[in-house]
Structure formats: structure tokens, C-alpha cells
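Two complexes come next, and they have one chain in common, chain A, joined by chain B in the first and chain C in the second.
The block that comes next holds the complex of A and B.
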């Protein structure tokens, strides 16, 4: 199970998110809060490195990175080998 | 590869009386044979004949006529841009594989002697070549954004620019429509989201009518840029999900893989944020552009109306040359 805090730690590395992370709710839309396309790519790469997983092509879209809850659930399923 | 039925007279089997068993010449071969394009020894890098250029110039004028009422500010940049501008633009995030940098010799006299020896011996001579301050322009609008931002906030109602430039993309190909150096005509709109999206709608309509009026079969499709790598797949998916890019496609090399001749792009606030470009009220400017691939449209016309310009349909000739 991937924790909420670990996802927030990774989000802190993003310039647009770093000062907002502690104020974000689990279901807040990160793109509405300032995450851009390149930021979501960097987020994806950081998550892959941290959890040693690879997002399949079907998950390479904005929705997969749109909220902390979705990120947490998606990465959890990837670590369990469920999402491929 | 050349699966579009031959539509021009030069493509008839009689063109090959001595080699009935030989493979039919490709569209590119026929363009070379007709003298419309000139070989240079590099795929995607070609000379153009006077006839070819007459079509490119006529298309350029046609685009000017279609946009004349909008009174865009005309600006022309050379096909090289500032390297620092290029680096800040973000192009390398998405397209490192397409970029072309200009390098020059930066050695001393001994290095010069070694360079000549390497050339003579057919060895790598580029050791003392160093990056200059110039990068080849990847899209006509890239030099514009910092120029516009340097003027300060946009006036009320935003701005509209008219651009044309040779552009470079490192993607050698035998498809004549995928040149490494080609001309892109553009209109670029800067303003509020509503203003730039309205501009894109207007040009989707104008561009479609222009190409239909030239007798070309076409389809307008949702599209994405050729971003690099796995991260690029995500950028491409994001671009499609947000309807940011449309292309007007015409079958040129094949029906299965038609050629994008025009593109209609909404950049959201990407360039506005990158360059500090603001609207009159101080909020970040949004931008959109319409791009015309002048060589690609020319090739589409040659493919569909034949390699002999004099034999093109009268209405097409009238539209181009009055």
C-alpha cells in the first residue's frame, strides 16, 4: 500500500506544487492547482523510480496523475502487478 | 510505401518501357525525374525547381489573401534562432530528437591541420566543432514569443502575427513530404483563451475551404505532436485529451497515412508562462497558431493534379495565379 505521505513527498519536488502540497486534499485536481503537462511527466518518472514500477501506455494520461488519491491507488495497483 | 494510386500522367506504366519487371518509381523518384525536386545526397534535403517554387509562392500569396482582413503584423526571422531562446522555449523537453544545432570550428592552427588530415582520411573531423549561439528554427513561431513578450503586456484585444520561415527537423525520410528543411507559414494569435480559440476556429474553417478549393481530398483530425520517448506518449495523450491540436490531412504518400498539410494549435498558457507574456489585465496570455506546410501543400497538389502545372484544372490555376 502506497501512503499518502510518500506521494506528497514526491509532489514536493515539483516547482508548481512544492508550496501547496500540505494544503492539498486527496481529491483536489492537481492540474487545476498548477501542475502542467511537463510536470506530470516528471511526476510519472519520479513515481516509477521511487516504486520501481512502469506505467503502462494505457495509464499515460492526465487522469492517472490528477489527484493524490488516484496516484496512490494507481501506484499501489502497479506495485501489486494489477494494473498491467 | 507508394500505395496511393498514381494520379499524374508521369506515373503511367509507359514511363518504364524498358523495364517492365522493375518496381514502379516512387512519387519522390518521379519528382526528381521531372526536375521538380533536386537531389542533394541527403534524404529530406532537396533543391526546388522554378516550377515548384512558383507553387510555393502562389500558396504563400493565397494564405496572405485569406488573412488580409485581419491585418496581422508581418515579421520574418531567418531559419536560425538564438540558442538561449531555444533552450528556454522548452523544445528540448518534448523534441530533443528533432533539434538541429549549429556548430563551428573552434580550434587553433594545429587543430585545423588535424581537421584537414581527418577529412582527407575519411575520419571524424568534428572534434573541435563547438556549439555556436545559433540553433536551427524548429517552427516559424519560436523566435516570436520572446520578441512579443519584450514589448510588454499585450494591448486590449491581443495581437496577431504573420510569420514564414524555413524550419529544420532532424527526421531523414524517403517520403518527400517529410523534409528536413522546409517552409512553414504561420499566423499566431496572442490574447485571452476565448480570443485565441476563436482565431483557431476561424482558421479551421478558412483552411478547410482553401484546401477544398484547390481540389484536394482532405480530412481534419485530432492530432498530437511527435514527442520523444515514453514521457512523450503521455504528453501526446494529454494533448489529444484536451483537443489542443488538429491537422488537415491530405493523402499524398498513401491513403493509409495521409499527410498533415495544415495544423491548428492551441498552446494554452505554455508560451505565455514561459516568456512572461501577459494580457492587458496582467493575466498570463494564451496563444494559438495555424501553420501551413508550404512544400507539403505543393506536393499534395502535384500528387493530385499531376506533375505538369500547365495541365492543372483551370479553377485551381486561377486560384493560385489569378
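The block that comes next holds the complex of A and C.
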């Protein structure tokens, strides 16, 4: 299982997010909080590295990385080998 | 519809061509061509039919851009930029009564829309703003050092990017529609440039006070940029550049054919260079067309439009077509030689060459390539010929 805390730890490495991480709700839109295109790619790379997964192109869109909850669910399904 | 549209576009192009040299020489707004666009009701083309427009998709707009690009680059670019802004309204404004009303006005009164993204201190980085919307109840104030607004002095409406509020990070932007009588524009720089002189892309200090907050588009600009602006700018600009390149190759072809007629029984040496130019033009056309098709396939799929694969391919359309357009016009000049270099022959290519040299700078290609470079760090690839 992928915990909320692990995702927050990874987000903490992001410049725009680091100060906000503790105040973020599970369903807050990270892009509205200042995550940009560069930051989102760095986030994807960090998640791939941490969980030893690869996001397929079909998941590389804004929605898959828009909230902590969605990130957790996406990564969980990948680690279980469920995602397409 | 399409045949009728082609005829209307050609009538405007004829007017634009007639004034293109003076527009360029004097660096003035292509008023005659824009009046013709209005007379043919082409400014409302994209507005949905229920608001008095024709509901045209991007491919038809692109065709008009190409037709105008062969006549007068500045007129074509004005038309393209107007429709890029309109694409954002049509895609993201349908849930807002105020913006639906604006679309109806654009169609009925043939209003001209300009764009202010570029800002002093930020440059061409579309996705960051310094200026901010300062709301007080239902009204807001906005001041922006808008360092480049094409035809800003002539526009009826300007769509302006700004931070959501004074506390928001520079990337948390909104897009607001300001009517001419709601803002003051004080010119801060002139537009005495190498080419695209008729776009009159001057700098302004823009000040708007007491504007109703309903004029802020309901979607975050990040979404608007990804879902309508990225594709519409790259595709419509590229269609204008394709028009310019087509004109240049047509000049070269006509020149080579003249040579061939004068010396029957031989193939002029310049025909080989023409073959290369025509080859490059076809490759450029394929690039623009595949971008248009990709957009049409993704248009109603927000996840696809905001995907990394889509952004990479549209970025590539822009960098490829802008580079190719300059190369093709230069090749054409090489073919016609001194007659193209002179400003007073039927083969003159000075104006199109100067105009097309703006293509790689209009959102600098290096800026776009570095954005692509970032995206490629996670894209997986493995595309097929007939899809992706």
C-alpha cells in the first residue's frame, strides 16, 4: 500500500509545494496550489523511482497527478500491476 | 460551407495583398484587410451557431490562415491571433453567461480580440504572471506591464493573463476579458521591427478598474493553456507560416517555369532547387496537418489534451514548422536570386522572408524545446504510424 505520508514526503521535495504540504487536503488540486509542468514531471520521476514503477503514457496527464488521493490510488494500482 | 468559406477567404486575401506592401513599409495596421474580414463576417466564424456564429472548427480557421498568409502575413497573423483567443472563449466560456454574451457580440458586431500574455519581467513565459487580479467584492482592478500586445490599439477586447490574486504563486493564473472602454492603454514601446510590421505589436501599460469579476474566465488559465491555447496557437501560427512558405515556393516555381519557357528542351538548373523546396514544403504541410488531425481527435477529451504526449507533439509542430518555414522561404529566394532580393519585381521575397523570421522567436523555440525536454523525461513512446 502507498501511504498518504509517503506521497507527502515526495511532494515536500518540490519547491512550490514544500511549504504547503502539511496544509494540503487529500483532494486539494495540486496544480491550483502552484504545481507547474516542470514540478509535475519531477514529481512523476520521484514516484517512479520511489515505488519502482513506470507510469504508462495513458496515465501521463494532468488528472492522474492532480491530488494526493489520486496519486496514491494511481501508484497503488501500478504497484499491484493493475493499471493498463 | 467549405467552398463558400474558401471564396470568402480569397476575397479578403485579394484586399490584403493589395495593401501588404504599404502596411509593411509604413508599419501600420492592415485596416483594409480587417475591414474585409468583418465584411465577410470571418471574425465570428468559430462562435457557436446559437450565438450567431458558424461553429467552425480549428481546421477551417487554419485554412483561412493559410490563404491569408499567402497574401499578407500581418493580416493573417491578426486573424490567427483573434481566433486563438476566440478558441479559449468557445472552449472554456460556455458555462459563463457573461462570456456567452461576449461571443454573441463578437459574432454580431465582428469585434476584434487581442492577447496580452507577455509581461515585462517575465517575457514569453506564458505560464507565469507577475500582475494580479485585485478583487473587491464583485469588482476587480488589474494593472499590467504588457510589453507586447499585437494590434492592442485597435482591439475591441483584450484577453489578459494575471495571477488569481495578489497572494497567488506566479503560476496560478486566470484569464480575463477586458472590453476596450473598461481599460486605459498607455503606449510604453513602439513596434519598429524587421518583419510582421503590420501586427503593430506595441507595448502598453494596461490599467483596468472596477471590472465585474464575472469577466474572469471560470477555468484556471493552466487548463485553458493546455486545452485550447497550446493547440490553437501552434496550429494557427503554423498555418500562417505555411501560407507564407507556400507563397514563396509559388514565386520560385513561376520563376523556374519562366526560365524553362525561355530555353525549351532543357531543365533549368534551378529546377533541382525547386524540387528540394517543394519537398520541404510538403513535409511542412504534413507536420501541420498531422497536428490538426491530432487536435481534432483529442478535442473533446480533456485527459488527452492535458497529456504529455499531446503537449510534446504540438510543441514539435511549432518548432518544426517555424524552422522549416524560414528555411523554405530562404530556399525560394536562392532560386529566384536577385529578382527576389529586389523589392520591385513580381518575384520579390524580402517581405515574406522578414515576416517569416519571426516564427522561431514567437514564443522562442528554445523555450519550447526546453519544455519538451522536461516532458521527455517521463514520456514512454512506442507510437504507431496511424495513431499517437
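Here is the rule we use: the second predicted complex is superposed on the first by the 84 of 84 C-alpha atoms of A that agree within 3 Å, B and C clash if a C-alpha of one lies under 4 Å from a C-alpha of the other, contacts with A are read in each partner's own complex, and residues count from 1 in each chain.
Throughout what follows, a contact is a pair of C-beta atoms (placed from the backbone, for glycine too) under 8 Å apart; a residue touches a chain by one contact, two chains touch by 3 or more.
The shown structure was predicted, so the numbers you read here are calculated from the model rather than taken from an experiment.
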| item | value |
| --- | --- |
| Side-by-side fit of chain B and chain C on chain A, or clash | clash |
| First, second, both or neither for A:61, with chain B first and chain C second | both |
| Superposed model, chain A: greater residue contact from chain B or chain C | C |
| Partner chain(s) touched by A:32 [first = chain B, second = chain C, both, neither] | second |
| Contacts of A:41 with chain B and chain C, given as first, second, both or neither | both |
| Candidates 1-9, 91-99 or 109-117 of chain B: the single one with C-alpha clashes against chain C | 91-99 |
| Chain A positions touched by chain B in one structure and by chain C in the second | 36-38, 41, 44-45, 57, 60-62 |
| List of chain A residues in touch with chain C within their complex | 16, 31-34, 36-38, 41, 44-45, 48, 54-57, 60-63 |
| Complex contacts: residues of chain A adjacent to chain B | 36-38, 40-41, 44-45, 57, 60-62 |
| Sites on chain B touched by chain A in the complex | 90, 93, 230-231, 233-235, 237-239, 241-242, 270, 273 |
| Interfacial residue positions of chain C with respect to chain A in the complex | 127, 168-169, 171-172, 220, 222-223, 226, 302-304, 306-309, 311, 371, 374-375, 377-382, 388 |
